[in-house]
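Each structure below is given as structure tokens.
Across the two complexes that follow, chain A remains constant while its partner is chain B and subsequently chain C.
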Partner chain A sequence: MLALKLAIRNLLGAGLRTWLTAGVLSIAFVVMVFYQGLLDGWNLHARSTTREWEIGGGQYWHPAYDRFDPFSLQEAHAPLSPQALELAAAGRIVPELITQATAYPDGRMVNLLIRGIPPGQQLLSLPTAALAADSVGIPALIGRRMAASLRLQPGDALLLRWRDRSGVFDAREVTIVGIFRADVPSIDQGQIWLPLATVQEMTGMAGEATLLVSAPDQAPLPLAGWVFKDTDFLLKEFTEVIHSKKAGSSIIYGTMLAIALLAIFDTQVLSIFRRRREIGTYMALGMTRGQVIGLFTVEGAAHSLFALLLASIYGLPLLHWLGTHGISMPEVADATGMTIGDKMLPVYSAGMVLFSVAVVILSTAIVSYLPARRIARLKPTEALRGRAQ
Partner chain B sequence: MKRTMENQKLIDIRNLVKRFPIGDGSFTALRGITLAFAEGEFAGLVGPSGSGKTTLLNIIGSLDTPSEGSVTVLGREVTHLSHREAAALRNHHIGFIFQTYNLLPVFTVYDNVEFPLLLQKGGAAGRKKAVMKALEWVGLADKAQSRPAQLSGGECQRVSIARAMVKRPQLVLADEPSANLDADNSHHILRTMKRLNRELGTTFIFATHDEKVMHYLDRIIGLEDGRVARDERIENTTEDDHPPASGEIGGSELPGEEDFARP
Partner chain C sequence: MKCTILCLILVLAAGSVPAQTAGEIIRKIDDNLSARNRVTESAMTIHGRRGSRTLTAKSYAEGTRKAFTEYLSPAAERGTKMLKLEGQLWIYSPGTDRTVQISGHLLRQSVMGSDLSYEDMMDDRKLAEIYEPSIAGEEELDGRPVWILELTARVSDAAYPRQKLWVDRERFVPLRQELYARSGKLLKTALLSDLQRVGGRWYPMQVLYKDMLKQGKGTEFRTTQIAFDQAIPEWIFTKAALKQ
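Presenting the complex of A and B:
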């Protein structure tokens, strides 16, 4: 308590120097919280959106299915077992049949994947009810990115060509009955959604599916002939991207933190040099060297308290505003295939904020302690004379 | 209640040698000093610059250690004290008064005087009483909330005396306490210390070459080239010869034993 009282008085006595150092430290702290919050917000949004729109509570894959290898689709299909059919009827799983195709919008040729899905499913947020339309030949659903890319509007016809299970080419015209808007590019770009039964009939794969999407609250079941992939596996690539982004952003705020810490280190070195007589006085009055080191360490670390105070003055309103208004993302932001919203809303968890506070306090304490160790080599008599050793 | 002066040996110095390394060689500051100080003495180490006054004072105060010989302070051999033990000895039993006051500029007068007691971890009520009493001794109770920068040199030195005395030490070491003060302020602080010496029985040892200080001393130890050149005991009445200058201490009654808990 004595050390903290003395530290705060000394820091306030140092005036502008203290506030400049604390200011830089507070910026580093706010940037740290913001970046972490932004990535956490993105992570949270992307995971929940991907679960809602594409992966549910996990997927059962045909053993031959590889989502990064379209050629695997030729083999990756199998009939649904009675158990799977029962689950599908109960709405606990949604079967999807996927096959490669070529579309010809406006005379152009575009490769895509046809995804067959039951129009009545309610497990995913895809507006598949539109596929139940019987007023058109083959109803098709596409995402806004696909619609923009192929310049398609609802009611437009699109020629599709595909191979059936025997490798024979066939072609038909489908009608766009709906364009959905989702933040998940992997269900939009290069994808066209058709009724499951239609795709099964087109490919000659009646009653078959490539994968089964499980309900979020459905515990994994041992379905014979299917391999369960949990959400952690299905979001593995995204998780890796978030980790890599966090590492990248830590360089930015780490650099800012380093600048502030360097200022504190420099201040400490200068302070110990200029206040040798004071150090000698402390020793003469009965403080041990350890106590004096502790005092100077607390004084340096107290910069972090000033920084947190400053950060709470301007950082709290700023972070709150960013948390409610978000940061608008450009149209091309999801061109990378990453799930990303129109706006990124930072999410500040108590754990993350406390962790950031701990990092700032701990790092300032360490850089304050390092120069303070020199005091251990200082003789009280030399210190009282104001001499360095 | 006045403490009884006893002629016990408070400090016993035998064949003290202190060398300081200089380059490849060394400089001998003290050469075989043998001295003893009794409880309640008001003694001064006098001599020209470089004679070893401050070095001897520092060793007595356990701020430095001897190269040879033995120095026993309050029954403790300072040569063998660890840093922690030396700090405890200084904190509980020895008060220091410096030429440059060495007050903590960011603290108030009250906080400065309270500082040694905070290190002793006593109760807040007892601390406050002791601090205010010490400030009354030196006539600065009304400046308790002032900062050192707002005080004159004389007042700063009086705060320094209060800080040294607040823990009721058995020994006070004063290194050139009047060197930065004018004549009036010098007499003022010397009278204060003399009075504390007489009333509380606290031993004072000065390092000085100020003639004004010498007039107050009961014992003068002359040092020359690190050796004791003379050791005289003097009967003086200097306190009575110098009436208080204007604005001096208000003659606060000195505390009795019951006012303090000696550590």
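Presenting the complex of A and C:
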């Protein structure tokens, strides 16, 4: 306690130098919390949105299906077993049949995936009820990215060409009955949603599906002929992106932290050099070398307390404002192909904030201790004369 | 009197053309257009929105299952090679020095921006193997007497379930071809012209392909040289030949 009191008195006595060092350290702390909060917020939003719109509580895949390999679609389809049909009727799973096709908007050629889904499904947030429209030939649903890319509006007709299970060409016009707005690009870009029964008829795959989306509260079931993929697997690539982004952002706030720590290190070296007589006096009065090292280490580490104080004065309102209003994303963010909202809202968890506090205090304590070790080599008599070995 | 006799001879001569069944007609078309092997040099002119460009190529084909094409010009495409081998297609790009197999989505892409897709190139079985023909009528096309043939797929995996051909009645070469989807939608047309006698058969030296769902003036395919039944070394139809 005595060491802390002495440390705070000495730091306050140093005046502007202390506050400049603490200021830089506080900026590093606020940036650290903000970046981590931003990535955590993105992660939470993307996971919940993807579950709501695309993957539910997991998916049952046909064994040949590979979502990154469109070639696999030729083989990846199978009839639904009676058990799967029962679950589908109860709304516990949603079957989807996927096939490749070519669209011809305004005479252009665009490759896409046709995805058949039951119009009555309520498990996913997709507004598939629009597909129940029987006033148009083949109703189709697309996302806003696809609508912008193909320049389509509700009510527009779009010519599709595809090959059935035997490789026979067919072409028909579909009518856009709805354009949905979702933050999940994988259900939007290059995708067109049609009623499941229509896609089954178009492809000659009556009663078949490529994958089954499970309800969020549905425990995995052993469905013969289908392989269950949990949400961790389905979000694996996104998780890797977040980890990579976290590593990247740590370089930014790590650099700021390093600058502040360097200032503290320099301060400590200078302080020990200039206060040799004081160190000698402490030793002459009976303090052990360890106690003196501890005193100087606490003094250096106390910079972090000042930094946290400063950060709470200006950082709390700033982080709160950012957490409430978020950061608007530019239109080009859609082109990344990742689930990202119009705004990114940072989420600050207590664990993350405490971790950041611990990192700042611990790293400050370490850089304060390293130069203080020199004190151990000082002879009290020499130190009292103001000489250093 | 002489004139009457001459007219009578001409009428009899015309009447002496043996009646052809639809099956015989498409077999003769296959005989004209297919060969044990052939070596061709061709120029493909693609008419796009921003103008036209021409690619020249040399091709080797063995039956309907093996084909090798090397693009000769323009400079940007020179050295690009394509190999079709037993239902599989590879492309070698000299720029990247890599060989890529074309399948799935990529098969639906057009070849070098033309109206032909890779999958069009893949399916070149003989007409008689795939279709049940019937004669729908007779008419004149570009001054040539033609039969109009309706072809309906007899196999379940024919890319186009229905075709319509306008076949030259004397040369047994289609002058016009229409390819239809299962729904009856016209997908592609081909206009064949400049028929020449090559190695005892009639062969269309120029074909204008048009994807009817796409905008544009189509793709002209001109055969500048063709030779049938040549001695083509077997190594041409190997993946190793792509990098040579």
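Keep in mind that, in the parts below, the second predicted complex is superposed on the first by the 389 of 389 C-alpha atoms of A that agree within 3 Å, B and C clash if a C-alpha of one lies under 4 Å from a C-alpha of the other, contacts with A are read in each partner's own complex, and residues count from 1 in each chain.
Definition applied: contacts are C-beta pairs under 8 Å (C-beta built on N, C-alpha and C of every residue); 3 or more make two chains touch, one makes a residue touch a chain.
Model, not experiment: these values are computed from the prediction.
Enquirer: Please determine, from the superposition on chain A, whether chain B and chain C clash or fit.
Expert: Pair status: fit.
Enquirer: Once the shared chain is lined up, is A:Lys245 touching chain B (first), chain C (second), both, or neither of them?
Expert: The answer is neither, since A:Lys245 touches no partner chain.
Enquirer: Between chain B (first) and chain C (second), which does A:Gln100 come into contact with in this model arrangement: first, second, both, or neither?
Expert: Second partner only, chain C.
Enquirer: Tell me the angle subtended at the Cα centre of chain A by the Cα centres of chain B and chain C, rounded to the nearest 10 °.
Expert: With chain A as the vertex, the angle is 150 degrees.
Enquirer: Quick one: classify A:Pro380 as touching chain B (first), chain C (second), both or neither.
Expert: A:Pro380 sits against chain B, while chain C stays out of touch.
Enquirer: Which of the two partners, first being chain B and second being chain C, lies in contact with A:Met283: first, second, both, or neither?
Expert: Once the two structures are laid over each other on A, A:Met283 reaches chain B alone.
Enquirer: Between chain B (first) and chain C (second), which does A:Met109 come into contact with in this model arrangement: first, second, both, or neither?
Expert: Only chain C is touched by A:Met109; chain B is not.
Enquirer: To be precise, I mean the smallest distance between any C-alpha of chain B and any C-alpha of chain C in the superposed model; what is it in Å?
Expert: 70
Enquirer: Going by the contact rule set out above, which residues of chain A touch chain C in the complex?
Expert: 69-71, 73-74, 100, 102, 104, 106-109, 111, 159, 161, 163-164, 166-172
Enquirer: Help me check something: in the complex, which residues belonging to chain C touch chain A?
Expert: Touch residues, chain C against chain A: 103-105, 108-110, 153, 156-161, 179, 181-183, 185, 187, 211, 213-216.
Enquirer: Mind listing the chain B positions that touch chain A in their complex?
Expert: Result: residues 58, 61, 63-64, 83-84, 87-88, 90-92, 96, 98, 100, 102, 104-107, 115-116, 118-120, 163 of chain B touch chain A.
Enquirer: Where on chain A does chain B make contact in their complex?
Expert: Contacts found on chain A: 2, 6, 9-10, 12-13, 277-278, 280-281, 283-289, 291, 379-381, 384.
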